[in-house]
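Labels for the chains are A, B, C, D and E, by order of writing; each one numbers its residues from 1.
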Amino acid sequence: ASRDYISIVGSSTVFPFATVVAERFGRTTAFAVPKIESTGSGGGLKLFCAGIGDKTPDITNASRKIKASEVELCAKNGVNDIVEIKIGYDGIVLANSKKAQQFQLSLRDVYNGVAKMVPDANGNLIENPYQTWQQVNPALPNIKIEVLGPPPTSGTRDAFAELALEGGCKTYPEIKALKKTDKQKYKAVCRSVREDGGYIEAGENDNLIVQKLAANPNAVGVFGFSFLEENADKVQPSIIKGIAPTFDSIGSGEYPISRSLFFYVKEDHKDTVPGLQEYVDAFTSKKAIGDEGYLTDRGLIPLAADEWKLVRSAGKSLTPNL
Amino acid sequence: MTDILNQIAKTKQQKVRASLAKRKAQESRFRYYGIISISAAILFLVVLLSAIVSQGYTAFYTTEIKLDISLDKETLDLAEGELTQQALFQADYSRVLREAIKQEIAISGRKERKALYSFISTGAEYDLRDMVVAQPSLLGQNLSYWAQAGDLFNQYNKGNVDASVEEGSRSFKNQQIGWYKQLANEGRVRTVFNRNFFTNGDSRDAELAGIWGATVGSFYTLLVCFLISFPIGVAAATYLEEFAPKNKWTEMIEININNLAAVPSIVFGLLGLAIFLNLADLPRSAPLVGGLVLSLMTLPTIIISSRAAIKAVPPSIKDAALGVGASKVQSVTHHVLPVAMPGMLTGTIIGMAQALGETAPLIMIGMVAFIVDVPQGPLDAATALPVQIYLWAENPEKGFAENTSAAIMVLLAFLAFMNTCAVLLRKRLERRW
Amino acid sequence: MSEIIRAMPSPIMAKVKPKSSVHHRTDESRLTVGVPFIENPRMAVRDVNVFYDNGVKQAINHVSLDIGEREVLAMIGPSGCGKSTLLRCLNRMNDTVDGCRVTGSITLDGKDIYSKEQEIVELRSQVGMVFQRPNPFPKSIRDNITYGPKLHGLVEARADLDLLVEQSLTKAGLWNEVKDRLDTPATGLSGGQQQRLCIARTIAISPEVILMDEPCSALDPIATEVIEELIYDLKQQFSIVMVTHSMQQALRVSDRTAYFHLGDLIEVNSTQEVFHNPKHRLTTDYISGRFG
Amino acid sequence: MNSLLLVILVCISVCAYVIASKRAQQLASANGGLRYLHSRPSYYGMLAAIVTALPALLILFVWSISSASIIQSLVMAGVPDSVLSDGTNHSLIYSQIQHVASGIKVTDHAWLINASAHYQHLLALGDNIKFAALIALAVAGLIFGWKLVGPKLRARPHVESVMRGFLLICSILAILTTFGIVLSVLFEAIRFFNIIPLTDFLFGLQWSPQVALRADQQGASGAFGFIPLLTGTLMISFIAMSIAAPIGLMSAIYLAEYASPRVRSICKPLLEVLAGIPTVVYGFFAALVVAPLIRDSATAIGIESVSSESALAAGLIMGVMIIPFVSSLSDDVITAVPQSLRDGALSLGATRSETIKSVVLPAALPGVVGGLLLAVSRAIGETMIVVMAAGLSANLTANPFESVTTITVQIVTLLIGDQEFDSPKTLAAFALGLSLFVVTLALNFVALRIVKKYREQYD
Amino acid sequence: MSEIIRAMPSPIMAKVKPKSSVHHRTDESRLTVGVPFIENPRMAVRDVNVFYDNGVKQAINHVSLDIGEREVLAMIGPSGCGKSTLLRCLNRMNDTVDGCRVTGSITLDGKDIYSKEQEIVELRSQVGMVFQRPNPFPKSIRDNITYGPKLHGLVEARADLDLLVEQSLTKAGLWNEVKDRLDTPATGLSGGQQQRLCIARTIAISPEVILMDEPCSALDPIATEVIEELIYDLKQQFSIVMVTHSMQQALRVSDRTAYFHLGDLIEVNSTQEVFHNPKHRLTTDYISGRFG
């Protein structure tokens, strides 16, 4: 018996959007409701690229763009025809409990607080010595650095490392210079996260991180903007480079740690898995991800109109675009 | 050498009496420790249960808002001409509802609009749709319709939102409270039994989420578990107890089975992942795999309790059968198994009850997905009751908190039911010799 | 009275050498006093040894003994002397005991019951057994009786079965008490009734020999009395071997008595002879109550 | 197809049973009753049914296992060499053929269309052959079974040995699957130890397993030191036991020695309810009620640095969960102490508590200790409470207010998201599973030995 | 012999009405034959009834009986006749049995032991008990002996304790056998030694009366012999009430014998009288082995 429902894996950031679409899709069409597992973007892509056929997922959600290495892996396993659908934007927020003081951070502060290696006063790279936020920046409160964030399977983690950490890292000219000379080392320095307990890998469940923040005023969490929206009563975002993450600041790209959200579809499964085409259609519809779409209620930051048109046509035709 | 015994005899009475007061105090103190311990344990049970019940019972009812809707084609976004079932199915019912509520409450601006629209659950659309599809003659009519309320509205109506909290840290804003009061004063709000909770699968909307999907998933999982572990367990126990020679090997097997019964369930989850998913290539998230994993877990339990039940059959009955010329197999099938069956069944039910409450191994094999549709068979993707509880417990929406507790109540009810069955079965079938 | 004991050295302590290792009395088996062999025996036990625990423990030493037709043979002796062990060898119930081994020969009507050809099921249908504690099956009274005959396919017609139930119960003296409730559970009967039911169940397969291991020891005096009368009746038709711990009972019901001591058959003779004119010192001591 | 076949097989076997037992019956009545036959007629019937069904079922079983690979090799043999020669993966091509055959894929390569047609043809052919062969076999069995009936045939012993064989196979199955499966965890764990040396795992003080998923990613360095997990696990178990042991033991004593039958009959099942509650419920309660409570009260009495996911919260709740476990095991052991020992003490004039303290408990001690060890192994293996209420940070600490992580939590975390067994990260879960298995097994082994020894003492 | 039984109507069946409901022989208690009362008794049992299962089952009917100083009183009778029950009433061990109720009065040196004021702990230090199966505590031999005295705080000094251990063991005839291993576990002793240890343990608290419930039934003949000698010695100092199932034993060790039947005390008299000149028909039947 071949599978008669769509199987979706992937990003926990996209999960709350995808579930809403899936549920509506199931209730308003004759198709079954897709099954969605939250595995993180990296984990999802890994499963997605494992091959074609019933046993593998049809769609994976991702909170970052697919990497070249992943495209390669897919190809190696016979997954050649992939459709990329961009659904909107998201900001990565650093947030803490409303009961505590709000943070004002620069990217460099973030880097110094979370990275594994940081330059000391003389510019030599050393193991991160900072134990409290105040040591990082005297303007910050004197509390222990305790950042709850996602593990490497997560796209949020990748985006956080690339945008926030590397962004802060680059502000040191001597490290920036490294990029030209030793790219490998540059990456290792700028994207490695500390492992001495300051950064706690809290699993793929962003809701769980929010719950834990609410209970622990000292902790700072890293997760997608949509979770902030839903939990505005419990947690507050940190202000990064003077800009608070809001609908507009992320949409305009003003907020420094913002990224696009995607999902990837196996074109090969188009004719076999009933409803696949229709699901993509529903997801890319104006009703869902348009300016006033129902996903914006859930905290998705919509695409610009012309960009949406492109996505829409890709979704309609479902032609491989990678 | 003094005769100490005589000496004792003389002073005994007095000494015994002297020691009495202290010993009696000790006695009653010891007793109190026991009473305190039991009370503590039972107290905790009561606290746990009452916390769950007090938090969960509200999930059994839900809120509806009375709206005066007009089902004209224009609002429904229906094209002129032939009205197919298909067209009716896809009409825009949310618009109908939104228009209707806008008539009751005056609003302006996107923000207020959003705030007001959240009063109505998306579930109301689907209900209305199903009503119209079933009864196309309603088209063009104006009628008053009880619409399922949205989560926050529902929560506020049930008193789960504390309005005294500062507005900023509360999702249900003061303006919405004002609107609520207005609707309530007009008699447009009512509280009814929450059918959704018992008939729906999972949902992202707390007011629509139900446990039926998880219940059916649990059912299939347990069914597979039972079909595998019961026959194999009973047959293995019978062989080991009645036929296997008693030697080092069987002793080793016995020790191993006992040990396996205490292996943490998560390890069985690992096994399921490695063997059933990766090696045998069975579908992820399927109750079939869940049942297989759980049956590995219950098998030792069933073997142990079945062996105990067989052991408890008085050997005199076997002797009697052998004495009139029955063969060994006959004495076992005619006498031992029927007599041991209640015990075996009880052990099986208890093992099943444990399996019903297991979460960790199911997480390992992917039964934690978001699954809305109720599974139709053991190969469909499904979750199980405890996993659903786990998933809901981590949802941030207020409505899921009560759903979680209510699901726990349902799960406990099932467990209580199974255990009662076990007890009754034991009582009913137990024979005295 | 106690003074007497104090004055005399204990006969046991003085005379009986303690039971030691395996095979300790290999060729003394002919030492059995009295008349172990008779003419035309139903069963003949010859030089039987029984070992438990894979030969570690010898429970019966070189016992030879005949069981005649239509007689009641009583086996008596102090606890642990091997009465039950020997009895259970007679229908190979000891086969069910792990690590139990029997040497020597036991014949039923001349055929060795320990030979390869012997079907155990058939043997047990010829040599029935009644146990110490009544052990009815947890079924109806009727089913208890018909179980054996059905098993062996002795009776087919429903009417025949009914007749068999009636006759067996009548022979066991139970018919009048239970005829109105044949379909009620047998476990609802009193102890004495249960024991008679067990006897009826054994009779129903028409065995040639009935073995009884202390059939009255779990019963009260009144029930015991009834069973003893029953045994008297049964011996008109069956050979009966009965273990008892009560010398009075042996005296009352048996024709011949065998006295065992620590696995040895010490003396066997007509019951009157054994009790009123014991030949062996150990028998005398036992009967006169010096020990036990 | 298979189910239809099964139904037909069952029907033929039933026929075999009926006609063979009929024949036996007739033989018997023609020759003077059932005693003429060795066994009862129904045994002849059963034997015939077995002869009919068993070979067919065996062949069906073998066929189901092997047909896939036979068909695969036949299909692949028909694929042109030109396709196979350019280094492509055979199984990939085969799955392509299957996809085309089942319609997932549309293609215009002629060889692919041919191969898939061949595949479908073989599939159908195989089914037909199977169908015909099995039914023929069953009918042959039926005839054979019918012919077998005769006075000399030892039908009952034959049937009985088949039954014993079935029982034997079931027990072997039960034991082998459990064993085999344990071995497979071992196997994955060995793969892990090939990457990470055993000593690093056993003695490492740092646990940071989230290594990079891809070559171009920066993950954790991959420190797989097991010690922080072990200490975390042990700490939580210790807290749990310090709740469960005294309360459970005293409850057991009270119920066994003091309570009236009425109280006992109410309290015992109530306590057992505690054991029956799914652990996810406890976890929920621990995470949302107890942990914040502990945090608040600790802050209130001036203890700083209380984590919201303290070891204490998880441990306390786990302790409550284990109470009935301790109490029912101790209860068993205490009631197993022979009444004669109590009588001995009472008759010397001891009070009840004196009897318990000086005679019953010392006598029951080995059993109680064994029971406690079993409870510990239960605590160590408990997952959901800690997943929900204990933390994820592998702190090496002795402070119960801090958050610690446990072996079970890490197993869950490691396998969420990435289930490809190709990195030390995922394989580490198996190493942890194995260590958990070994630890609980050792505890159980010791505990069962102690309990058994104790039982022997009084049997 | 069996013919005789058949010829005679069974005495039991004919004469003894079956035991029926509670209170069935209310004022027949005076029917006890022989001499139940003596001068200067230590303990006096008067019109005692014992019920089990909350009054559903009556185990003892209106029994009255005296226990004298320095005598051995034997209680005999068929199984289930209530011997153990009555014995356990004498030091209120029956209090531990749920649903057991005692009416009537039992006095020790004139004081009612069932009165409110009676401390059970004290009573049991005065009336000691030895059980059917030896039940040493799983401790060292020394600890077994000192357990009681320490409990009641009878002895404090270490030296006194040692002395006590020696004297108790000596009295129980065990000293020579165990003096070199006082600190080894008592469970390592043989059955007979264990039983003597239990007796020593009881002696160590200097009770006035010692109750023994079939103290030899779990022992072999040799060990029995030793215990019987010991009882003979002990009666020089203690009153002893002893239940036995062996008439021979009663005959050997007791001064007076009480014969019970189905909860009734049928006859009590000097042992010689009971055995050689029984007055009651039931006693005669029992002693001559007509039943039991």
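The rule we apply is simple: a contact is a pair of C-beta atoms (placed from the backbone, for glycine too) under 8 Å apart; a residue touches a chain by one contact, two chains touch by 3 or more.
This is a predicted model, so every value here is computed, not measured.
The minimum number of touch steps separating chain A from chain C is 2. Chains that touch both chain A and chain E are the following: B, D.
The angle needed to superpose chain C on chain E by their Cα atoms is 175 degrees, rounded to the nearest 5. Averaging the CA coordinates per chain and comparing them to the mean over all protein CA atoms picks out D as nearest.
Between B-E and D-E, more contacting C-beta pairs join the chains of D-E. Between chain A and chain B, the centres computed from C-alpha atoms are 33 Å apart. Between chain A and chain D the centroid-to-centroid distance comes to 37 Å (mean Cα coordinates, whole Å). Distance between chain B and chain C, defined via averaged C-alpha coordinates, is recorded as 59 Å. Chain D has its Cα centroid 49 Å from the Cα centroid of chain C. In chain C, the residues that reach two or more other chains under the touch definition are 151-152. Touching two or more other chains at once are residues 16, 23, 327-328, 330 of chain B.
For chain A, the set of residues touching two or more other chains reads 211. Under the contact rule defined at the top, the touching pairs of chains are A-B, A-D, B-C, B-D, B-E, C-D, C-E, D-E. Against chain B, the residues of chain C that register as touching in their complex are 91, 93, 96, 98, 120-125, 128-131, 133, 135-138, 147-148, 151-152, 187, 198, 201-202, 204-205.
Contact residues of chain D toward chain A in the complex are 92, 95-96, 98-99, 102-106, 206, 208, 210-221, 223, 287, 291-292, 295, 305, 307-309, 391-395, 413, 416-420. Those residues of chain A that touch chain D in the shared complex are 2, 39-40, 42-44, 46-47, 50-53, 67-70, 78, 144, 151-154, 158, 161, 187-188, 191-193, 195, 197, 200-204, 211-212, 215-216, 219, 268-269, 271-272. Those residues of chain C that touch chain D in the complex are listed here as 151-154, 156. Chain A contributes residues 1, 3, 5, 7, 15-16, 19-20, 22-24, 26-28, 32-33, 35-38, 54-55, 98, 205, 207-208, 210-211, 227, 230-234, 297 to its touches with chain B in the complex.
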